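These are the structures, in structure tokens.
The same chain A turns up in both complexes below, where it pairs with chain B and then with chain C.
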Partner chain A sequence: MSPDILDESSVIWFGPQHVSAHGWAAKLTIVGDYIVECDPNAGYFHRSAEKCLEFRNFRQGSMILERICMMEAFLAEYPYIAAVEKIVDLEVPERAKIMRTIMMEFNRIHSLQFWWGQFAGELGLFVMLLWPWVDREYSLDAFEELTGSRHTVSYATPGGVKYDFTPKFLAKMETALKLVKDRMPVFNDMLAGSPTFRLRTEGVGHYTAKQALKWGLSGPNIKACGIPMDLRKDDPDPNLAYDLIDWEVPVINNEEHPGESDAFDRLLQRFKEIETSLDIIEKLLPILPEGPIIDPKARSKTNRLPEGEGYGRVEGTRGVTSVWLKTMAKAQTPWRAKIRGPCFASYYSLKHIVPGARFADFPAIFGSLDPYPGWWDR
Partner chain B sequence: MSKTPGSASTLARTIINKYPDIESKPLVGNKVELVVPPEMIRDIVSMIDEEVSDALPESLFGVDLTEDKYEVIYIFWSHEGKMLVQLRVSLEGETPEIETVSDIFPGLDWHERETHELYGINFKNHPDLRLLLLPDELEGKFPMRKSFLTDRSRMDETGLARPKPRPKPGGESS
Partner chain C sequence: MGFVGNLGDIFRILKHTFRQVFRRPFTYFYPFEDREYPETTRGRHIHIRETCTACAACVRACPVAAIRIDKEDKKFEKDCALYFDYTRCLFCGDCVRACRYEALFHTPIVDLSEGDRDDLIYGPDKITTLDRDPLEWRGRRFR
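This part shows the complex of A and B:
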């Protein structure tokens, strides 16, 4: 870039007041309507969750995590619990393992419904913003029936889960999932089948798999490049039920540009994610055994943990979500808890993806990465 | 542990053959921990970059062990080998220092920025160590250190009113 081009540049702050910049701001240097430099800024949501975790006991900690990303509360709280279960030896009943997995997949569908609406809304399709969000209410109703709360669910707990499935909940879940299944073709037509939408997303926000790995991208953002990197398959948590059934990792391999992805590929990838989640729930429900839902000694064993380190990971809706926990002997709270949010990497990667794009394509690029500010600010 | 190519123990052995100062410690599953002296971190990270073609820089963070002792932990994940490598570096001193690896793995750039502002660990040759998450008034305070108190003793800094002292039992009613 020669310096005289930059003489005519202007600087624009995208956010934090902008409607689609929900809690973040990027400083864009613009020449004409081309972006030449993007400097994403973090910190607008920073509430020091990691420091807070040092003052909460091992049963309370997961409740801070689910407040970081409320769209995927079941998934967000789990890495902390997995880390605790790595340090202390708990026997999670089979029923609890399967119930956890079902709720996590149900939550993934809900989170993707939210993302559909958000992404389409950012690109100006207002109808598509409202429709999935109406359907989402049915998922939230089911969460409320099960846990008493629509967003901050605190469902899983070290050693098992807190609430058993009731017939009323199962009926509500069936309604919600049936609606998702019925409306998938409609949404597919509205987004992937719409020529306007394709024009705005195809060839926009392009990166290769090699670049994405270097930036630390994970989840659907890397699966859209044709790499089936999925922790549910690669490193399944022993206290979840992904290895009990047979399922396929959803992956998109665009023949026009193998090993690369653009915003449109990432949209198709997230459609596939929903199909996989529906498939997993369908296969798990029939094998749900009767029995207890929590280790009876869970409460006494998690009062004080032995000295140790645990690393709990889960494949979240947005990518690898993990908590690294260090405990000291006889302490009631963790010594150090590090939260790794998947969007930390995807927000950072805007710095590399955006330069060279047109200003109007900017919402399509960040929307397709599905960033959620809570994950990088924590 | 298996000895197939792509297993964590094979990678650890390859690294130790080249750099005998490194200690390795197997973790549960196909995972390994390497204890790395601070001056060798760049050698080891670039070796991981060469040996593991699809290394994902998953995480980097500091741990405060009090008495001016710190640890920095690097976590890499490989999808093809289904393996996890954890590097542990011990640092000492009032202002601990370590070389940056953000040019080898750009994804660790912000992790280093965050560790710098929260723990006061200086990453030498890092291109951009501005504040990432903290507001300006907390610059240089390093809030994740254990010496940073979060109790009532720092109420004056917040500008909030002090809580009224509780009435003594049996005293006059207010």
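This part shows the complex of A and C:
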């Protein structure tokens, strides 16, 4: 770009007060209607969660993690518990493993329902903002029936889970999942079938699989490029039940531009994620055995942990979420905790994706990457 | 996609929109009407002093130090007074799970609001009694 174009440029801040920037901010350099430079700024959400973890014992730490990302609360708290289970030897009962997995997939569906609404809202389609959120209420009702809380479920604990499935919960979950299944074609028509929506998303926010790997993207953002990279398949957690059943990694492969993805592909990818989650729950529910839901020695074993390191990770809705814990001998609290959120990579990849796009396409680009501010500030 | 194709798409979307118009509303007339809360709802706590043994398991379990215990204040043989700070409480439910003597429970009352911050610290008088039923205080009910 010749320097005289930059002479006419102006700098504006997108956020933190903009409606669809949920409190975060990016500095955009604009020439006419085109963005030539994007400078994402982290730091508006910093609540020092990693430091907070150093002052909580091993049963309390997951409460902090839940509050980093409310939309995928259970998926966010699980890596911490997985890390604790790596350090101390706990026998998680078979029933608890399957219950965890079911709740995890249910939470993923709920999070993706939220994302549909959010994405459509960012593009200005406010009807589609509300419809998925109404359906989401049924999922929240089911969470409330099981755990007592709608968002921050606090469901898993080292060694098992806290609450047993009840017939009422199973009935509510069935209602919620049936609604998701019934409404999928409607949302497919409203979003993927809508000419307005296609015009705004097709060819916008383009990147290749090679770039995505280089930037460290994960989850649906990389699967949309056709790379079947999924932790649930690649490195199944021994305390989850993904290896008990047959299921396929959801991957979109666009024939028009293989190995690349735009905002529309990422939408289709997330549709497919929901289908996979529904499939996994359907296959796991019949094989749910009877039995205990928690290791009876879990409480005494997690009071003081031996010296060691634990690294727990899980395929979250937005990508790979992981927690690393380091403990000293007879530790009541972690000596150091490190949280790796999935959205730091997708947020800073805006720097490379956005330049060259029109200003009105900016919400479509960051909306399709599904960034959540809690994850990059921790 | 030509003009006819677009028109077809638009009609397909309008079909869903019209169907939605005739669905029943999902909103509640909130201050006067509320949904039913399940029994498991983690709302404000209630402390049963008759069965409490002042073991302080709830205080140790709390991740945010929202519970203060006063072991001197005894009403029965071995109970204690608990002060709940609802400006700090996360409603994670760990204190209730930690209690082995059936002395601490959640109630389905979730709408805690006060004019003054200090009123949100529930002392032994407030935490041992339910001043209202979850729905009753809102007066008349619609629908």
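Keep this in mind: the second predicted complex is superposed on the first by the 378 of 378 C-alpha atoms of A that agree within 3 Å, B and C clash if a C-alpha of one lies under 4 Å from a C-alpha of the other, contacts with A are read in each partner's own complex, and residues count from 1 in each chain.
As a convention for this text, a residue touches a chain if its C-beta (ideal position, glycine included) is under 8 Å from a C-beta of that chain, and two chains touch if they have at least 3 such contacts.
These numbers were taken from a predicted model, which means no experiment stands behind them.
Asks: After the overlay on chain A, what do you see for chain B versus chain C, clash or fit?
Replies: When both complexes are placed onto chain A, chain B and chain C end up side by side without any clash.
Asks: Contact-wise, after the overlay, does A:Ser111 reach chain B, chain C, both or neither (first, second, both, neither)?
Replies: neither
Asks: Quick one: is A:Ser261 in contact with chain B, with chain C, with both, or with neither? Answer first, second, both or neither.
Replies: Once the two structures are laid over each other on A, A:Ser261 reaches no partner at all.
Asks: Tell me which touches more residues of chain A here: chain C or chain B.
Replies: B
Asks: Touching A:Asp189, do we find chain B (first), chain C (second), both, or neither?
Replies: In the superposition, A:Asp189 touches chain C alone.
Asks: With the two complexes superposed on chain A, say which partner A:Thr327 touches: chain B (first), chain C (second), both, or neither.
Replies: So A:Thr327 meets neither chain B nor chain C here.
Asks: Looking at the overlay, what does A:Tyr348 touch: chain B (first), chain C (second), both, or neither?
Replies: first
Asks: Return, as a multiple of 10 degrees, the angle whose vertex is the Cα centre of chain A and whose sides reach the Cα centres of chain B and chain C.
Replies: So the C-alpha centres give an angle of 110 degrees.
Asks: Thinking of the overlay built on chain A, is A:Gly148 touched by chain B (first), by chain C (second), by both, or by neither?
Replies: Only chain C; A:Gly148 stays clear of chain B.
Asks: After the superposition, pull out the minimum Cα separation from chain B to chain C in whole angstrom, please.
Replies: 12
Asks: Which chain B residues qualify as touching chain A in the complex?
Replies: On the chain B side, the touching residues are 28-29, 54-59, 61, 63-64, 73, 75, 77, 79, 82, 84, 86, 105-111, 131-135, 143-144, 150.
Asks: Could you please specify the touching residues of chain A with respect to chain C in the complex?
Replies: 56, 59-61, 63-64, 67, 127, 131, 134, 137, 144-149, 152, 154, 162-163, 168, 186, 189-190, 193-195
Asks: What does chain C use to touch chain A in their complex?
Replies: 1, 5-6, 9-10, 12-13, 16-17, 20, 26, 37-38, 40-42, 61, 63-64, 90-94, 97, 106
Asks: Report the residues of chain A in contact with chain B in the complex, numbered from low to high.
Replies: So the residues of chain A in touch with chain B come to 42-43, 46, 48, 50-51, 55, 86, 213-218, 227-229, 234-235, 311, 320, 322, 324, 326, 335-336, 338, 340, 344-345, 348-349, 352, 376-378.
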